[in-house]
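Can you read through this structure? Questions will come right after.
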Amino acid sequence: MHFALFGAGRIGWVHAQNIANHPDAALSHVYDVDSAASERVVEALGGRVAETPDEIWNADSVDAVLIASSTNTHVDLLRGAIRAGKAVYCEKPIALNLAKARTLAEEARGTDVPVFIDFPRRFLSELQAIHERIRGGDIGQVEVVQIIARDFQPPPLEYVKVSGGFLRDMTIHYLDLLCWLTGEAPVEVYASGACLVDPAIGQAGDVDTLMVTLKMPGGALCQITNGRRSAFGPHERVEVYGALGLLQWDPGHGRQVAHATHAGVTLSRTEPDPTLIRQETFAAALDTFIRSVQSGEAVTPSLADGLRAQIIADAATESLASSRPVTIAY
Amino acid sequence: MHFALFGAGRIGWVHAQNIANHPDAALSHVYDVDSAASERVVEALGGRVAETPDEIWNADSVDAVLIASSTNTHVDLLRGAIRAGKAVYCEKPIALNLAKARTLAEEARGTDVPVFIDFPRRFLSELQAIHERIRGGDIGQVEVVQIIARDFQPPPLEYVKVSGGFLRDMTIHYLDLLCWLTGEAPVEVYASGACLVDPAIGQAGDVDTLMVTLKMPGGALCQITNGRRSAFGPHERVEVYGALGLLQWDPGHGRQVAHATHAGVTLSRTEPDPTLIRQETFAAALDTFIRSVQSGEAVTPSLADGLRAQIIADAATESLASSRPVTIAY
Amino acid sequence: MHFALFGAGRIGWVHAQNIANHPDAALSHVYDVDSAASERVVEALGGRVAETPDEIWNADSVDAVLIASSTNTHVDLLRGAIRAGKAVYCEKPIALNLAKARTLAEEARGTDVPVFIDFPRRFLSELQAIHERIRGGDIGQVEVVQIIARDFQPPPLEYVKVSGGFLRDMTIHYLDLLCWLTGEAPVEVYASGACLVDPAIGQAGDVDTLMVTLKMPGGALCQITNGRRSAFGPHERVEVYGALGLLQWDPGHGRQVAHATHAGVTLSRTEPDPTLIRQETFAAALDTFIRSVQSGEAVTPSLADGLRAQIIADAATESLASSRPVTIAY
Amino acid sequence: MHFALFGAGRIGWVHAQNIANHPDAALSHVYDVDSAASERVVEALGGRVAETPDEIWNADSVDAVLIASSTNTHVDLLRGAIRAGKAVYCEKPIALNLAKARTLAEEARGTDVPVFIDFPRRFLSELQAIHERIRGGDIGQVEVVQIIARDFQPPPLEYVKVSGGFLRDMTIHYLDLLCWLTGEAPVEVYASGACLVDPAIGQAGDVDTLMVTLKMPGGALCQITNGRRSAFGPHERVEVYGALGLLQWDPGHGRQVAHATHAGVTLSRTEPDPTLIRQETFAAALDTFIRSVQSGEAVTPSLADGLRAQIIADAATESLASSRPVTIAY
């Protein structure tokens, strides 16, 4: 499977390496507005630099495209790929503007082009295990989902300003996760936020600390706490409480040395915190995409999954602005 | 210090034993509508059976009263004790009806009778350590508080019906805890609930699964998940996230044997779950009360603390009914 | 069952309270060389002060004796009780001198007087669970047993001097535990020791740090590390490795608050360390003794169990002195 | 730095990749008795196939050699490299025969050729942290060291037969670790062994379950439990107890999902057990070697370190055969 890559930035490199390493994939073209960036990727990992997107749409040798460029280019590239009949692996989100995302999803509906929207947490083996165990009935009916996700440090302010807001930028990962784990889409959302980490984030109109409460159609209550700062390193925890028990993922411990004294036990990391979402997770996502396209199965997370998460994020954003719970219309 | 005890039920016995064991306290009277119950306590632990509350109000030998009778008797007994000038240790809540609780608090304001409303979690050594560390600046500015509390099994339906609702009956403990830990009172509350454990609870007009979001005046966001069922035993966890770190109490592990096999590690309890709030916690509360009264210090948790928690619980109940966030007026 | 208690010291009080609290037991006599000590027990918990041991041997009302006096009195009191036909609950060890313990065991062999030698770890619920799981085949054939036990601080030097040595005083608990858990008695022992904690212990001819290796008849290898000091509080861990898995008891965590910062996670205790062997453990031992005597079942740990542990401790002491492994002759 | 690699087997590949990835290293020659194996390495990672070792000794372009061939070739290759003045990175052990290892060490003494004997555990970041903390006085005087290391499954019987015995093959890693962590070399060793995993191992004259006790010159007692089978995956734990506290490395937990039910909490791995000693550990070792050689610092672990570990392993083997403690003569 020959891939054209859009975007030769940090995440583009991750995908380029995964394409190069995959036994059934090869990198055929790289496009970036900064052609020097494209050249660096091509030099290291093969393929050729594309001068324009059209060169890619018109290349018969290209089977699939991987969109890792900036969010504001996603819709046009998705549209181009769908028209050219190329299978698509696209970074979330579809678009910052929900209306544009809905329009694109409409356009794609009539075609059979596989469109995959990457939510990488679905490819962490621990969360896959929890997903399977919920399906298998290990905890009975789901009653409560609690997710906490706090980044080590806020991103640069420039990124915050174009991110679409904390809910659309980061919480969206957990909104998708919630739908995937429970097999349901929430019917109502209430979001509270505050700017506690950096006043500049507040001046830019965003929040850096968030609590989101969601009601599921079957009655389960879900809660996501999202933060831009964690003094002790990146922190994620996913808990699903059911009638028969709890499934929990809490990877906070890492590689540690225990030091026990009269003052207690201190567990210290000996290495910088592992990034929770590593290259291998993206590789697993790519492999899933390739196998689905090759076998003709529907790709997942699908464009519809991506749209659903954005609809919830938009409703949450409305709730945050209005300080009222918002019913979610899909 | 001579104590008269109101209420010779299960919790009355706990307090009677703690009074009998305390070096500076003695049980002088016991009153219960069931005089046979009073007699059993007196026989085992001393003192005399009071035929009427008045007998207690009029007894010069009585220094303090401990109110452990049913909630609907609290206001009258508190009023009697305040008028008679007896120091009071009263189980939460002050009253099921907030207006009555407010009125009583008004009446008490002009007097110097110490009134202590028992919120036993304040006397758990771990939560006291967290309280002190927050005061000491160990985690910097508080950003997020997350509390989860799930009982092993729902109480009898008869109890649910007269409990005043899940928020006023159980969540109130964590509402007080939140105020005590952060040193602030929340300004807004949003509550979501569902009946997932037992439909009979729903038919009785209550919920058994709750999520409450609270905004603090300084911007911190707080969240309480409360449930009537936990498949793996009583489950409480308190987490306070600050700018510099996290303080966490998660006592879920208890006395355990680890069994490691190819399937993983199973940690199993070898005894029934310990009740988190044990006799020793109530004994610590009693001791605090006695020392405060003897030294002339203000007792705490005070009547005002008890009233504050009820005001929040009432606002949360209104939010649950209206599905809207409610501003809290103290 | 009416109990006469020998020894009104610290451990005597523990047993006296357990006797007083047990529904099927009552304290009838207390004997101590310090009759004022006996009187204090009697005043608080009932019974009468015995002027001489003979008074107890001759009292028809006495069903059983509990020997909690100093070790050098054990053999004479055991002999007296056996002759008088009183069931015996005796603190370990039988005697400091192994020959005397053997002689006593010979004498007891012909009688049907129940003699119980208390090894309290057998009555910890976690170790009972491990015992049952080994019996139930949960870990298959036992391959390795590792026990570590380190006290918080050394006992007073006066105690060390009359203790019979670290192996006979403390390690003996784990020698019995090992036999009980595996259902086997070791065939060879090798002990290494050092004096690292307090030179005065070495000057008194003892060690404060010990490693003991034992070979079991079925080939399993066992190891006990014993120490008189642990900077972080009393520390015991029992691990049994089998062909199919590991059973582990590691109670080191207690009641803790977690404090996570950029430096790691510190788990601190909020209370003095719990004594691992609490009053409730001795109460469970007493209850087992009473139920066995009442039902006519053999009591266990038996006099033979006590003798076995002493034989191993003596062989280990010989190994420590000679720096050679010693074959154990029972 | 140009490397010639001896040995193109599994571990040879690991080293070849690390050489190819290191910014200051390049693979110049590969020699293996199976020249097809050499060719596969060269094809993938560069360099040329050497027909004979002499070709390497005579190549001016070769700065260093990496010996990853079978143990029986080590001495001759080490000697060749020393004579040719090539810096050496050699897999442990120096030789199966201690006399040969001693002779080689003698020969090397007069030269200034850097010789590095790889004990990869020294390059695990957690054990490095423990090493530094002991040096820094975090636990005061070392009193007890306990190491447990159990492999998932025994190696093929063919390997066992040529391995030199369990002590020389596997325990040697922990003998070196012990010396490195404590900064001392043991003065006496006692080893007990059994064949509990596979009778064929016993028939081959070896054991599969080992306990080794070592006395350090300063009085500390050390213990290593080594096994060829662990039902729950590879299991290593290193504990150093000192006067002021404990340092512990216990990596057994890995990536886990917790499932809490009424039966307890099960922690299950979602992936095959990580190999504790990964490619990155060998890469760290290589990097240390390169930096030492380049800067002219002494390489470590040195040939003397490798010899010391073998001397202890030999003494332990003698102890195992004779069932007596053996004084170690360096």
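Think of it as A, B, C and D in the order they're written, each chain with its own count starting at 1.
The definition used in the following text is that a residue touches a chain if its C-beta (ideal position, glycine included) is under 8 Å from a C-beta of that chain, and two chains touch if they have at least 3 such contacts.
None of these values were measured; they are calculated from a predicted model.
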Checklist entry - Which other chains touch chain A while also touching chain B? => result C, D
Checklist entry - Once you count every C-beta pair in contact for both, which comes out on top, C-D or A-C? => result C-D
Checklist entry - So how far apart, in whole Å, are chain A and chain C when each is placed at the average of its C-alpha atoms? => result 59
Next on the checklist: Based only on mean CA positions, could you tell me how far chain A sits from chain D in angstrom?
Outcome noted: 42
Next on the checklist: Counting only Cα atoms for the centres, state how far chain C is from chain D in Å.
Outcome noted: 42
Checklist outcome for this item: Residue ranges of chain B touching at least 2 other chains are 139, 231-232, 244-246, 253, 256, 260-262, 268
Checklist entry - What residues of chain C sit close enough to touch chain A in their complex? => result 231-233, 252-253, 256, 260-269
Checklist entry - In the complex formed with chain B, which residues of chain C make contact? => result 125-126, 128-130, 133, 138-139, 244-251, 253, 255-262, 268, 270-271
Next on the checklist: Help me check something: in the complex, which residues belonging to chain A touch chain B?
Outcome noted: 139-141, 143-144, 146, 148, 150, 188, 190, 192-197, 209-211, 213, 215, 219-221, 223, 225, 227, 229-232, 241-246, 323-325
